[in-house]
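One chain, chain A, links the two complexes that follow: it is found with chain B in the first and with chain C in the second.
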Partner chain A sequence: MNKIIKYVLYDIVRNKIIVAYTLFLLLLSIGLFNLGGSPDKGLLSLLNLVLLTVPLISIVFGTTHFYNSYEFMELLVSQPIRRSKIFMSEYLGVSLSLSAAFMIGVGIPVLLFAPGATGLYLVLTGIFITFIFVALAFLASVITRDKAKGIGIALLLWFYFALIYDGIVLFILYSFGDYPLEYATLVLTALNPVDLGRVMVLLNLDVSAMMGYTGALYKSIFGSLWGIGIAFVVMVLWVLVPVLASRRAFTKRDL
Partner chain B sequence: MLGSPTALGDTLKVCNTCEYHSVKEAVNRAKAGDVVLVDGGVYLESGIEITKPISLIGRNNPVIDGQNSGQIITITSSNVKVEGFTVQNVAVSYMRDDAAIRVADRENIQILNNTVLNTYFGIYLQNADNSIVKGNVVKGVNTGKIESALGNAIHVWRTDGAEVSGNKVEGHRDGIYFEYVTNSLIHENISERNNRYGLHFMFSDGNVYTRNIFRKNGAGVAVMYTRNIRMEQNTFEDNWGAAAYGLLLKDISQSTILNNTFRRNTTGIYMESSSRLYIENNDFDRNGWAIRLLASCIQDTFRLNNFTGNSFDVSTNGSPTMNLFEHNYWDKYNGYDLNKNRVGDVPYRPVSLYSMLVERVPPSVMFMRSFMVDLMDSIERVLPSFIPESLVDERPLMKKVNHDSDRKLVQNLR
Partner chain C sequence: MIAIENLSKTYGNLTVLKDLTVRFSGGRVVSIIGPNGSGKTTMSKCILGMVLPDSGDIKFNGESVLKQYAYRSQIGYMPQIGKYPENMKIRQVIEMIRDIRKDAAVIDEELIGLYGLQNMYDKRMGSLSGGTKQKVSAALAFMFDPQVLILDEPTAGLDPISAEILKCKILKEKKRGKLILITSHIMSEVEEVADEVMCLVDGTLKFHETISSIKQHTNEERLSRAIAKIMNEED
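== the complex of A and B ==
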């Protein structure tokens, strides 16, 4: 398995896209930290961009990579290697390389300009989101053999998590505004990894607003170690569920 | 010397080796115009009653320890001065409201440079016109106590022409409490870590508040049912919590709020039923809500304020009318200035759609800075349909106002 991961990693690095992605993130982070006067402001702008671009690039890169290495996988399947191993190697290869790019591109500037718990949460969130969206990309790719369709599904998933979901939830909250919605909102947030990541970073950043009437409640929940633990468990679930589902589909499917 | 009657008074000394060993004894012996001079030492006394116009002066920091046995110094004469003591330990007394130093129904009292520690009420003036409370430190212990088990640090009731200045108060229910106090001055006090309000005043017209600092109080500063107030150059900061405001205004009218700084409060100014206020040259920095202007406010003017780093600039629960926003600096403003007159050519709407949503459905605060929310706000700013039409700054400034050096700009704009 390690050997296959190594080959996948070689393949990706030779591709140069990952290098471009690293440089893009690096430029973006350094630029934002230098533009916005305070490190807090830099982190805030960075958070917005990370939550928008990282899922998009992870999901598009994941799908195209999967389809492009289809022949390689077929070759491997003809060898005495278990399919789940092939699949997991591909998955880990892609997500590890993308997270490494993220660690260099965002992690290092954050460490330099805004070290602290908030920065740590931002980097952790970014890595989790990379893993989650690569998993979703692979899920989209195993559903259909057609490359165009696969990328279409992947893009729709991104669109849903980054934009539509928040719109739907805000609409629900507005419609049911007369009911106590504190805990319902909490559950709804956990159902979208992008929101979950954003809230975890925000509760450390926008402290003043979050100390308002309901913000204080969430602050007390997410501020405790217990709450942070739960949030990370939910994030891990968000990685595991699509990965396991797509691995199952990959092993059962007629290639 | 001979001509002035007060100079004729004797000096009664109290110390270990002096004629008097007890403050109470010396105070009882003193005649009008005498000075009781206490030189160092610890005196375990309470119930000291000053009934004649004398001066009670402490030197080398004498301590009067009440040992929780009731009120320590009671002043029932006009023209009394108490200076330089440490007065400590007064127990909670719900019936009598015991204080370290209490003045009742007399005038021209001076309470200067005392330290009051661990008391129920600290300095309590009732019906004491033209009194001065200056340079005192009042420190209580409020950890783990509920509001009703605490008294106020400086409590002034039904007084005209009082001066409260240079005091440092902390750890009580309200730092400074004014009720029915008129034409008074509150100046350069520091009020912090009180359970409820840093400064609380009701029905107190014609007062001036300058250069005070209110920090980390349970609910900030509350101003209620009052008119004709001037608040200048005060600092309101770090008042955090579900019910915390930098400055809470309820039923205030005809007042001016100038050159204050509101920093890192959950809400900078919360305004309810307040009319004809002039809020100018203030800095609102990194607050959750800079201003919450309820629909019951009318004819308030906001000019030349700086709004920077606030999560929400202005929010409201309806559509307040006849309020004027003009020449403020908003860091979220993204208009342009073609004719270079430092005033933006496009109006700025400080109330965002999302802030109205949060006002209506508080849990939606969880979606702050979500891409969807930013998108909604941008669209709404371009084509306003939900946000109140009347809340708009027609002439926003392009650059932050520097309140000290921008006098010229300010004059031009006027």
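== the complex of A and C ==
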């Protein structure tokens, strides 16, 4: 498998997009840390921008990469290699290179300007989000053979997780405001990896005091090691489910 | 060497292969003919595991190939239209495939030499002409000394000299006991290299016979006429 990952990585590195992405994140992080007064403020603004751009770039890059390496995969399937191996190499190649870009672009500035647990959570969340959205991108790509349709589905997924979902949650909270919704919101949060990541980082900042009862509940749950453990398990599930589903679809289709 | 048993494949509601049963043995060149869309390429891709059949089985030396992959080290495949990653150079493609098939005992670089591919090693795949891509495909198919070669319209894009080189190579490998499956529309070429002709029409086997017996029972000197005769008389 390492052999194929090597060629996938080689192909991605030659592609200048990944370098541009690293520089973009680097500029963004350094700029935000220098703009705000306290490192906490910088982290907060960074969190909001990261949760918007990282999913978008991951899902769009993942989908276009998958379609562009169609020939590469076609060449490999007639060779004595398992199909699932080809698929996993592509997946790991893309997610690892995007994660590396994130580590350099966000990880290093965070380490310099705001070292600590919150920064660590921010970097971890970003890496999880990268893996999750590349997995969703591959899922969108194996569903349809048509590149335009695939990218359309990918963008729709991004819209859903980054924007529409929050709208739905707000709607539910507003309509059922008379009922106790603490646990329901907890479940709703787990159903969207972007929100889950946001809550995990926010609770480590002092702003959670402004989140009312739900914030207190979150704090009591996510504040404990146990709660953090569950959050990570949910994140891992968010990676595994789309990866395994798309791997299965990839091994069962005609090329 | 290869046995196809009751193979069926449909794409949506289009039936491409219908209950196809056929056997091929080593040391033979088998030409697969048939009208466009009769399932020739689909059959080859099924053998390679690129297309997964709906039902039926394919056995390679007695063992089913479905869901397997290691058997492909014994198959060399030359696709109809070679698709390669555009930004890789010829050298990188060849090195990559060699890297993947590291355990191959013999490396046969005869075609690379005969086609002078070394001189073009640093050209990108995307900038190559169709014919040159075909040469790369041919060189890769023969490189690892496989027992079976599947050549999908091998000479379609090649110039006459390169086509001749390929035909010589095919006959040479046949003498070494290999099974070579060729799909082709050019009857003169079929007559030149093949021992047997297998004809597919609408995904079913029309006939599978040696060239000499076809000529004998149709009383025709030329293969193209003999085949035309068979096709017409059964309609």
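To be clear about the criterion, the second predicted complex is superposed on the first by the 247 of 255 C-alpha atoms of A that agree within 3 Å, B and C clash if a C-alpha of one lies under 4 Å from a C-alpha of the other, contacts with A are read in each partner's own complex, and residues count from 1 in each chain.
One rule holds in what follows: a residue touches a chain if its C-beta (ideal position, glycine included) is under 8 Å from a C-beta of that chain, and two chains touch if they have at least 3 such contacts.
In this text the structure is predicted, and so the values were computed from the model without any measurement.
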item: Dominant contact partner of chain A by residue count, chain C or chain B; value: B
item: Chain B versus chain C as contact partner of A:Asp254, first or second or both or neither; value: second
item: Partner chain in contact with A:Leu163 - chain B first, chain C second, else both or neither; value: first
item: Chain B versus chain C as contact partner of A:Leu191, first or second or both or neither; value: neither
item: First (chain B), second (chain C), both or neither touched by A:Arg82; value: second
item: First, second, both or neither for A:Asp11, with chain B first and chain C second; value: second
item: First (chain B), second (chain C), both or neither touched by A:Glu74; value: second
item: Contacts of A:Val199 with chain B and chain C, given as first, second, both or neither; value: first
item: Set intersection of chain A contacts, chain C complex versus chain B complex; value: none
item: Touching residues (chain side chain C, partner chain A) in the complex; value: 11, 45, 48-52, 69-73, 75, 77, 79, 83-88, 93, 96-97, 99-101
item: Chain A to chain B touching residues, read off their complex; value: 41, 44, 47-48, 51-52, 162-163, 166-167, 169-170, 173-174, 177, 181-182, 184-186, 189, 195, 198-199, 202, 206-216, 218
item: Parts of chain A lying in touch with chain C, wherever the complex brings them together; value: 3-4, 7, 11, 14, 69-72, 74-83, 252-255
item: Complex contacts: residues of chain B adjacent to chain A; value: 240-244, 264-267, 286-289, 309-312, 357, 360-376
